[in-house]
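To keep things simple, chains are lettered A, B, C and D as they appear, and every chain counts its residues starting from 1.
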Amino acid sequence: MWKLSKKDFQKFVTAMIGSDQQVVGVQAKGDRFAFGPLEQSEDLRLDYDVTLLPPKKYVLPQVETLMTYKIGGDYQSEMASEKLILLGVHPYDLIAINQMDKLFSQDQYDNHYMARRKNITMIACDVVTPSQNVFASSMGTAVVTEGYDILITEIGDGYVLDAATDKGKALMKLAPDATEASQDDLAKRKAVQDKNRTQLNKHPLECKPSYLPKLLERAYDHPIWEEKARTCYSCGSCNTTCPTCYCFDVQDDVNWDLATGKRWRAWDGCLLENFATVAGNHNFRKQRESRFRHRLYRKAKYIPEKIGGEIACVGCGRCITACIPDIANPVAIYNALLEDIGME
Amino acid sequence: MSKNINIHVHHLTRVEGHGNIVVNVTDGTIEKCEWQVPEAPRFFEAMVRGRRWDDIQTIVSRICGICSITHSLASTKAVEDALDIEVSEQADTLRILMHYSEQLQSHVLHVGYLVAPDLFTAPSVVPLVPKAPDAVKTIIRAHRVANQWSDLLAGRTTHPTTLKPGGLTKIPTEKELRQLQETLKATVNDLVTICEVVLSVADKLPNFTRDTEYISLKQDNPPTYTFYHGDITSTDCNGDGPVHIRDWEKVANEYVSPQSTAKWTRWHRDAYAVGALARFNNNADLLSPLGKKVADMFGLKKGNCNPFMNNIAQLVECAHVVETSIEMIDRLLTNGLKEEKISVTPKAGRGSGCVEAPRGILFHTYEFDKNGDCVAANICIPTNQNHANIQKDFEAFVPQFMDRGQDDLRHGMEMLVRSYDPCISCSTHMLNVEFVK
Amino acid sequence: MCEGSGSQKDIYLPELATIRKKQKFTRLEMYYHVELDSEKELGHKAGQFVEVSIAGIGEAPISISSSPTQTGFELVVRNAGSVTNAIHNLDTGAKIGIRGPFGKGYPVDELKGKNIVFICGGLGLAPQRSFINYVLDNRDQYDDVEILLGTKCFEDRFYVDEITKWAQRSDVNFVETLDVGCDQWKGNVGVVTTIIPKVKTDLSKAHVLVCGPPIMYKFVLMSLAEAKVPKENIFVNLERRMKCGVGKCGHCQMNNQYVCQSGPVYRFSELGHVPEAI
Amino acid sequence: MSKPRVAIFDFACCEGCQLQIVNLEEEILDLIGVVDVVEWREAMSEQSQEYDIALIEGSITRPEDEERIKEIRKRAKILVALGACATIGGVNKLKNNFDLDEVKTCVYGQDAGMPHLATGMTKAVDEVVPVDFKIHGCPIDRKEFTYVVRCLLMGKTPVIPDYPVCVECKAKENVCRWEYNEVCLGPIIRAGCGARCPSTNFRCFGCRGYVENPNVEAAKEVMDKYGLTIDDLKQKMELFGSKQEPTI
């Protein structure tokens, strides 16, 4: 564990920016925050509440070329090769990425995703300012213990840095001023994390997250889906902004020579009207409520079945903010179900 | 050579919108010589009634795709005039910068893509690509710069999305402005190249003059070669002072011609001209050094009455707006850019906005009720103001050039219309305006 | 973070294959015999599918219509959109991209020694044929074999030579029907459920394999329920939208099942918790 | 294979969509490398009676224009509607909210009766002749235009989004205009523009037309939450959606 004063931390960030890796960090965007290429250390805002989009846009880009080809055949894989430092990832967002790592490597190994992922040096940071809709405490995602190369915790006058991996330790070479963190520093760090464990909770969930799959088991035909989905725009904002949504579409386009082209994948969302439409215009999830329900089931039942029970909602609250008719709040739905059909 | 001529150009090409040329000469006698405008009328002034103050720009921008920024600025100024909305100096400067991007875009498009084929005797710019690839690429490059410039300031090249009564919804970053400035500096050379190319074929522009009245904006405080602020002036205004833009209807004196779905105008004489040459004839002394240099290259002097020289005046203005913008960006950067909040309270009122479109002076007037809903509108676009003048030019041109034969005459008349850079789809509007008091 | 070896193959990258034979089947369906350029066999199981890739257009999941017991593999493609239309425009010798085989396929071994009834609707014959031919090639390993086939109209029948042979075999009960009759047609008329009663074997003890358009399932499954076929003995072959074929893109998901991985063939009893399936 | 012949025609419009083709800049050289542009009045003097693909800009407002578009349809193998005026009628349809004679009098006063000023109801192109493909937007998006052209050359149906603008808007990390109590039509309007307007802090006013199945009831219900009225919504929906389903 290392300690850096705020001033020395700025120097550390400057040194990273000057290194051969691209640095992406959290910056202000109007009165909100967003991840973007960092050009100077002063722009970094580790005191942010939540970013508009989760950092998933760097592990699973909105549009990613999978291959190039000549018409008639000869396909060539395109793999990410650029090294990247992702600076300022909140614990809940990192947990979402940890989950995605599992999903993209299990069964069929997706080396487009994994190549990009391995090129990233992940610098997480503990939350300083809770956002308006965060409920990470309810989901057990307010603090993270794995998946980062370095974890930064602000403790008043400076930062405690936990360099957990070889990558992280190598990067610490850019911070020659770092000193060994004292017992006192560590105690302060623990206090920050302990507080976050309970305080990042604007929408308290009335049960343990591990109970959610069982709850949903009994709620499939509950009227709540129709009630809520009545005003659903099928705009997919709850998908787009969610750190754990990873469905994608695949498309082709050719170059002007009409002889070469590329195939790419791009974000998709299960709330969108034609997500499950096949040729002949048969839509397997035609009703708004069935799409609306599917998202919640994916978060709290289907994906958990694939990744050892972890709930694929990390409580970032982005979908709550993004949903214009205010129906997407997962906690509101789970709590309503709990109230109505109770625990078993 | 035959003494009979029968020209009927149906839907003149390489102009924006639909116009016809009809000439009948029998035994050397001109029986018919007409400029007709059959463009489908679109009735904007009627359509905006009932729409809210903050939707006006969105609608009237669609009057014309080529001068959409100009229409947007004129209407936004009119709404601001009607609703007593103040605009900050920063927003004002950024808007002028936005406006200049359209001047460059439209002028390069006109001279480079639409007029150049005439000068090189080609039907369009397409056959010029293999003949003069470098020249074409230079023109494309300048056009692209202009469009990227509008993209940055207006949100997109056509139909701006950043304009709002009271200011701008989004301003560029200082970094973006600095990049723009660099690009503009690099564009100066391209403009000079384009001017040289045009100069090499400038003798193809017919030597034809007809004395007429030239109308444009004029700004005295500070003295500026203006496109955006000021009052209305004319080469016929001998000391009887500029006219305030709110009184533009007294200048335009619109009337319906049976030849046209667009209305025609007249002020001191039967017809008047607007556009780059009009601005030049009224304001040439205020051009930037590079603008003056380009004028000198072509020997263009104040008081020129050759309508074909409007093309050259456009080149002069290209140089002027680029050079002036480089300075304006310096000023913006020195002052530093600030985010500005806009808040507007609707109220009843009537207001006018007047700016120079690339092809001439443009007037918008609106009246709103207390909720800010539009109750009446009147718009007068530059091309309409030129229609009568084109007709008068025709009447002088045909007898003078008739001897050259039907094809040459037709080609000359087409070029003549094109030199006005008409934007015919802007057509339509109101006569006998009666505002609800 | 999960480590995997960097040398793993790109799961999205198609392999080149060549169309060896092409034949027009119907107004909309075309038949293809395809071989991988690597000269390897696809190594598929009956009921699996491949992703066919046309560079510049896209990919489409297509069932393998041939039995694993022959060289190369066969596809029957219905012109339903961009990719399938592009496939139709290809001639013999043309290259296509192939990924797969994907999916689980039929429980070939489990059904050995059993009575099998195939119920095919329209294009549903294409995937079923991969198993039918396997069964017929290994006829002694299976007990009664019956095939019910329903097609919209006379012009839409395909694999006509082959089904004529099935009809002639004494060790197979082949029953065919058309939704709409016509002069050329002397056989049964009516939707496929109307010929279920013509099954000779005791349905309640048979294994029934169903494949057809989405609406067909509801009615066939109702008839099978009436005939007391245990749900464990019914297998359905489902279609879903697919963009990757490898369980990532999310499009084919029905409840917790990814059709490209755990399907497209399902034991009906196992779909009890998959309300979105049928 | 000879290059497909393309002709571009305009009806009542601002010609801004044609301008977007000009605005392809260098890319236009690529375009004319793979197609023969045989007629394009705004940019060239060449004219032709024969073409494979007709690109139609503008809406149909007069009987003579209906005849003209029918003639073009007869000659073209593929007919593409270019831009909002052609695909949905565009702002031109605002006119249909009024009595036509009154509209004429409003603009032309006592001269409104002159024969050349005749006008009819504004129609989108597909209200007069069948349209094969639509390139939405006011103006069209250059990227989408070139993509559609390439698809047509490849014989492929272009994939045009049928989901709301919010998808692209959220992906651009814009703060939703609704958070500023502005009526943004993004949730019911077809994406594909890259959320141009909201990305410059301007509400979506619907130039690409509605998605196939817009939840207008939801749109009405949220008005309360933002302290707005149904009339506020209606006003905005009418801009590009006058006399067009769904209405409120």
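Assume contacts are C-beta pairs under 8 Å (C-beta built on N, C-alpha and C of every residue); 3 or more make two chains touch, one makes a residue touch a chain.
On a predicted model such as this, the values are computed, not experimentally measured, just so you know.
Peer 1: Pick the pair with more C-beta contacts: B-D or A-D?
Peer 2: Counting C-beta pairs in contact for B-D and A-D gives the edge to B-D.
Peer 1: Report the chain whose CA-based centre is farthest from the CA-based centre of chain A.
Peer 2: Farthest chain from chain A, going by C-alpha centroids: B.
Peer 1: Whole-Å distance, chain B centre to chain D centre, using C-alpha means?
Peer 2: Distance between chain centres, rounded to whole Å: 25 Å.
Peer 1: How big is the gap, in whole Å, between where the Cα atoms of chain A centre and where those of chain D centre?
Peer 2: Using C-alpha averages as centres, the distance is 37 Å.
Peer 1: Quick one: chain A and chain C, Cα centre-to-centre, how many Å?
Peer 2: Between these chains, centre-to-centre, one finds 39 Å.
Peer 1: Express in whole angstrom the distance between the two chain centres, defined as the mean CA positions of chain B and chain C.
Peer 2: Comparing mean C-alpha positions, chain C is 65 Å from chain B.
Peer 1: On chain A, where are the residues touching two or more other chains?
Peer 2: In chain A, residues 251, 253-254, 258 touch at least two other chains, as defined above.
Peer 1: Mind pulling the chain B residues that touch 2 or more other chains?
Peer 2: Not one residue of chain B touches more than one other chain, so the list is empty.
Peer 1: Residues of chain C touching 2+ other chains?
Peer 2: In chain C, residues 56-58, 81 touch at least two other chains, as defined above.
Peer 1: Tell me the shape of the graph of touching chains, choosing from line, ring, star, complete and other.
Peer 2: Here the contact pattern is something else, fitting no line, ring, star or complete shape.
Peer 1: Of all residues in chain D, which touch chain C in the complex?
Peer 2: Counting only chain D, the residues touching chain C are 154-157.
Peer 1: Spell out the part of chain D that touches chain B in their complex, as residue ranges.
Peer 2: 10-20, 22-23, 25-26, 28-29, 32, 37, 40-47, 58, 61-62, 65, 90-92, 94-95, 97-98, 102-104, 106-111, 114, 116-117, 119, 138-139, 196-197, 199-202, 205, 235-236, 239
Peer 1: Looking at the complex, which residues from chain A come into contact with chain D?
Peer 2: Listed in rising order, the residues are 29-32, 34, 52-53, 62, 230-237, 240-241, 251, 253-254, 256, 258, 267, 269, 272-274, 288, 322, 324-326.
Peer 1: Using the touch rule from the top, collect the residues of chain C that touch chain D in their complex.
Peer 2: Against chain D, chain C makes touches at 56-58, 81-82, 85-86, 89.
Peer 1: Show me the residue ranges of chain C that touch chain A in the complex, using the header's touch definition.
Peer 2: 1-2, 4, 6, 8-14, 16, 53, 55-59, 80-81, 84, 94-97, 213-214, 239-241, 243-244, 246-251, 253-256, 261, 275-276
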